[in-house]
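I have placed the structure first, in the form of structure tokens, so that the comments after it can refer back to it.
Each chain carries a letter (A, B, C, D and E) given by its place in the written order, and its residues are counted from 1.
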């Protein structure tokens, strides 16, 4: 198994550099393609062969066309290998082009001889990234192409195939295998969503209990990631729905029941994504309001300080003037008063109190103990005393 | 009846940790599952048996298949019990998986031999939480699974079954019982909405009459709770609509008339949720505007104080300079004027008045009596004198 | 006619306290119900009987089943009266429950023997409130229930019935009467909308010409009222559309043409509500921007005052220091200069001018004549000189 | 041709004062109605009669029922004239009521014997206003009612009718004439939209290059006007679509091709209205951000000034204290230092520099050259070097 | 090939000046039209003729009606040339009018004898602009009109036609050529979107790491450009979908498979446009929040400076007063204290510390090390340790 390197989003995006007007179905080799890996499962209720192969030709040798074949190519970036597999199974050129392009939405297309399914699956890694899973489902075979080499969410499916003879997955056909893989892809979104739920919970605590300039960047990150998830999951819903409704020959009626379950899961995921998006927006609003509250509080401090000290400073300045009392009895007679100094200090105090109370009476400074950051409201504060129970 | 413990939201969420790729229909035991309770009603127009049982097998003994059977499992977290019930009635594995997962949306699915209905019902408790109600409706039986042990909104339904022979509910079939339960779930949302309406009314008073830093957090809490309600009720609408429209064999035409009523109730609830959401948004805007107004008011105070005292302080400072009048007649001759001091004080007064009036004329300070917090507008101020009556 | 008392919104809301799980069709007496009034019209093209009755039984005596009967109950809060009427005409229990609940959306439902129509109509009063009109339309009869006692918009309809023999309304059937009543309900919204249009016009003048802290509360009130209107009118549209499209036996083809007109009116009302909502949002934005502009203006004043007086105050402070020029020729020689005082004053002036122009050059203070409140823009400033005419 | 007077929006609105419950089809005379004008075109491929008439009865004399007749009433406010025309052609009362009410949305209704079309057309004038065009299309006739007297966009259509025999418009039937009129109404919106595009371009320059308190009011005006346009054009789209799709007997298959063109035009107009609305919103956001930036800049100036002068002023104040150095060597020995004054000035300088650099290091004042108003970004700054060409 | 001049948006818009009421299908010569260029391809699997011609009549000479003909007019502004081509092929006047108007949305219309397709393609140039591509597809011919002279994205298609005999494009019919051209137009959007993605990434770094007043203008530019793209691409989706679904005789079943691919590409582009729009909005919010944070930080600095220096300045002012201690022992005895000066300085220090700590305790100044610009959050901060692989 090849070690998974962190794949930068830039690399992926650069593949967009399509050449407008090029022949459709042109399979362009990705210049950055890394080594890929071919994995093979051939099973029927009784027997099972699992093998890693190097050469596409080996497939024909191993597969007897009666058993179910699952070919999994991890790292579908090498046009040569993809083309060879395509030729072996007779896949349409346009489908193969989609496999290599890596920028498709989830979709289901029916071609002659096979169903072509694309889904986006989450990659394991520090950053949220999706990779493209391309799946061909035909009579007794499933061929999957994973865009990037490295881990996938299919290990439990592999175990179920290996473990038990005559199990559901061993007895059912290729369509059930395809369902099982899709289901694994979809269920892989749950832990990721759970994480975002926890991050949002934590951000809610931080936003409502105080201010932190990083919070807003984190809220943006989450929104961006949720946009990515959304772009991956919405088309998936349509794709699964197509599988469910269309009367395709490649999906048995029994498997459709399972796909209905699959569809429900996707819808639940979408529900949560949308909820988290709205929560994020609401938190941004709370953040802005708190920021505005805090500003109000700061400005109040500044205003109060100015109100206390500016008037007093003026008085002090006045009695620091050098008008000579000798020249005229009108020139600063206070300087020679017996209680002059005390009078001046008292004047300061009185002026300050008057100014403060003047503005305070208007209601602006009265609410001085305004504490933007201390008390956090209990969630919703519902105190329902219902009748039941 | 088991005492209801407060269930933390974390516990519920942790159940999301599904294993991607696991076999569908795998019934995973919830490690946190608490003791559950099995309740049994077997009734026909004349007779009724009500019993709490421990063993699933007892059902077969009591139920004669002609009477209507209602089995209610409170606390559907024990996979063993659920599996046993499932085997007894022949429920599909996927449906049972949904019962245990607890993270399904409201839905209606038809399987062979039964209808499978999921709804979210409100839990009693300080915080807004929903629990999953899973319902199987078949020929003469209704099996309900409540996710969490503890109170439910069905007590009145139980009373109606117990009380009168030949009443509507005793005479009608299992579909009517299912309707009655759904209706109770839906009506249970009303008091909760009423509460939010009151909280919003109160917040409106607080927001429009003054500022309070907690308000914005409470508005956020309400938005979050309304999102939860919405996520619970929207799919419920679709589910009831499905019951109403689909020509299912398990719902009689007569019961459909009642379901139409049920559907109307859900739509009214949705209407209110959306209205409250918009009211909440509008209040947030009012809050921000008021905050901005208040800031304006504070800044005006600061500016006025500066405008009054800074010029005067400068004058005082100037006549506090120590240039010696002896050296030159140009050096601060005012200090030796007879009316020097009075002149200085007058200068201060004049300068202040000039500055104030200069800016006041621009219209910035004129509106000084600006009171952000005192008067509250009457609601809409409509003074309609209409012609009618 | 009973004197209309102002009905507080709380009273209405309290009726929500439904009992989840109660028997559907349970007619709960409203404990606050006030005396109601029964009004009777029996007419055919030639004759007409109009009477106020006390006892429901009188209806049977007066109505010959060939003429059109209109029974109007003003104040449908007394379950006993409603039940009696229901029994007389054979109305379905669920419909009667809806009549009493008062919290239904507008809708049209077809039952056996009658059509059941609910609409919300505006109440006369200082505050915007809606009351529920429930209407039963059957073969030759219309029964209307008004939720609250007091005025209704039907006086002109009554006059039309009374006035002329062989008029359209006298000749047409019960369906035309139902249409006429619905049309009156809908047209009653127009004057109310007109009022909101005027309030918004006035608010627009106030918002764009200056600031007023009450404005934002009034904008919120309008938004809230528009939400109420919206909740009343949107379902009305669907209801009228249902009447229009469904091939109900109770609505003749001729009346459908009139209902189409009715439908157009509802859509026009919805158009205006949505327009007013958007206007309100835009005004809130303008308000916030103006508030921000005003803040900018205030801050500029403060900054300019500080820029003018702080430097000068420093100079004054410096020459007020007491370093003794006698000790050293370096100690404040300016104090003994011949032009010392003038130099100091000049220094203040120069420093102020330099600072002001320094910041002014950056473009911050240059736009000093910034008048946030004086000029109002002409509406859109369109100066179209088109070719036509 | 009657001189067009500016019509105030109030006048129009006042017509809303409908009487709820009045008989449908009541043609209420507009008390403010001004003199109207009847214009007549009777044409076939060879001949044409154009005439202004005073009496409705003249129509019958001139029209031979084989040629196409176009009656245009400019100023449809006189109920008497409208009623007379209605009786002549047998128009439905409800349609005539709509003609007079002037508050209808664009719509297409089929009555027996004619199609009834309503559209909103722009009025020429300084303010954006719409007037109602009501059109009846029947076998060989088109009757148009313009709400307000004064110019219309039909002059070119008139010219096309007059000019050439056997031209398309002369050869085609009444449906083509109706199309031509509708097309003129729709194309009349283009110059208006172009104007708004230019205003928005100008506002964009103003908003991004500096602040101007009027801008936000103008943005609001544009939004309001766009709302008016939107309310006029959206239903027009539906109306044209109805004409296009419905298999009405009054619209020939050939004309439908032209209506498709008409429909495209309306959709283009809607596209632009929506784009302008979003541009307006984006500009409001830019305005708010710039306002906030400018505030930041102003506050920085204030803070820097305070940081420079407050510490220095304190030092000056300290050495202006009058503690007598004679009493104790600890009392302000600096006053008697040889370099005392220079030391004090140096202290001021040092303290200022330290404070400035302290806060500067935090990154708050470092970005001092922050110029909110000087540089405008080039549009999008795209520097595409694409491969093509 | 004609040198491409930068085309100002004004020029394009001015073409809107349609004359309302003019004859439909009037081909108005664009007064600004520049020289155009006619390009001809006639090919079949074996042979190919490529020629630039001056006279429309030459087409007939070269084309044998069995080979596929592609006529490309670069710069479709000359009504004469367009009319001539239209007459040659029998195009409908309305379609030709659309070709010249340049303000059409993307659409597909079926006329007798040909399909008419309009698409918007990106122009190469510094600013984002679209030009209209009008395409007529008929039996064995494709005629394309490009609105503006200059480069197009079709060079690779030309190469594919030229290069290989019996290639797919040479063997397939006119419909495949039309598809190939459409596909080139659509793929031409990818590099443009990639660019916007990069600009947004860069803006995200700038917004989250610090403030820059230009950012908000750039965000606006991007939003405006995305609106333009959106207006171009959304109708394109509908157009391609129409081609895909309609059972038109001009599109073979085989080509439909390719069009499905085309459709997917358009949808991916729309997905990205919408994502970028939302990212832009989120960034604007982050910008506003950061701006608000920064303001808070600045205000704190100002407040702290005032808190430090104002009280001390007052003390200094007090002891600078000139009350004469000789007159009374109560007049400023401190001046004669032995430790008077030290006491004064200490008083200043104490007062400052007390004030600072007083406000600091309230939590307003405590968070002084608030750094709005230094730390950037890692993207989303997901630290997923998933189970897989």
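To be clear about the criterion, contacts are C-beta pairs under 8 Å (C-beta built on N, C-alpha and C of every residue); 3 or more make two chains touch, one makes a residue touch a chain.
Source: prediction; values computed, not measured.
Overlaying chain A on chain C by C-alpha atoms takes a rotation of 145 degrees, rounded in steps of 5.
The two sequence copies chain D and chain E touch through a face in which the numbers common to both fall below half of the numbers used overall. Computed centre separation for the pair chain A/chain B is 24 angstrom, with centres defined by C-alpha atoms.
Spacing of chain C relative to chain E, judged by their CA centroids, is 39 angstrom. In chain E, the residues touching two or more other chains are 19-20, 153, 155, 188, 191, 288, 292, 295, 299, 302, 306, 310, 313, 317, 320-322, 332, 371-372, 387-388. Residues of chain D touching chain C in their complex: 1, 4, 13, 16-24, 92, 94, 97-98, 103-105, 107, 109, 111, 124-128, 150-153, 155, 188, 191-192, 195, 199, 210-211, 213-214, 216-225, 227-228, 231, 235, 284, 287-288, 291-292, 294-295, 297-299, 301-302, 305-306, 309-310, 312-313, 316-317, 319-322, 332, 334-342, 344-345, 371-374. Across the interface of their complex, chain B is touched by residues 153-157, 160, 168-169, 180, 183-188, 190-191, 193-194, 197, 204, 208, 257-258, 260-261, 264, 267-268, 271, 275, 278-279, 282-283, 285-286, 288-290, 292-293, 295-296, 299-300, 302-303, 306-307, 310-311, 313-314, 317-318, 320-324, 327-328, 330-332, 355, 359, 362-365, 367, 370-372, 375-377, 379-384, 386, 388-389 of chain A.
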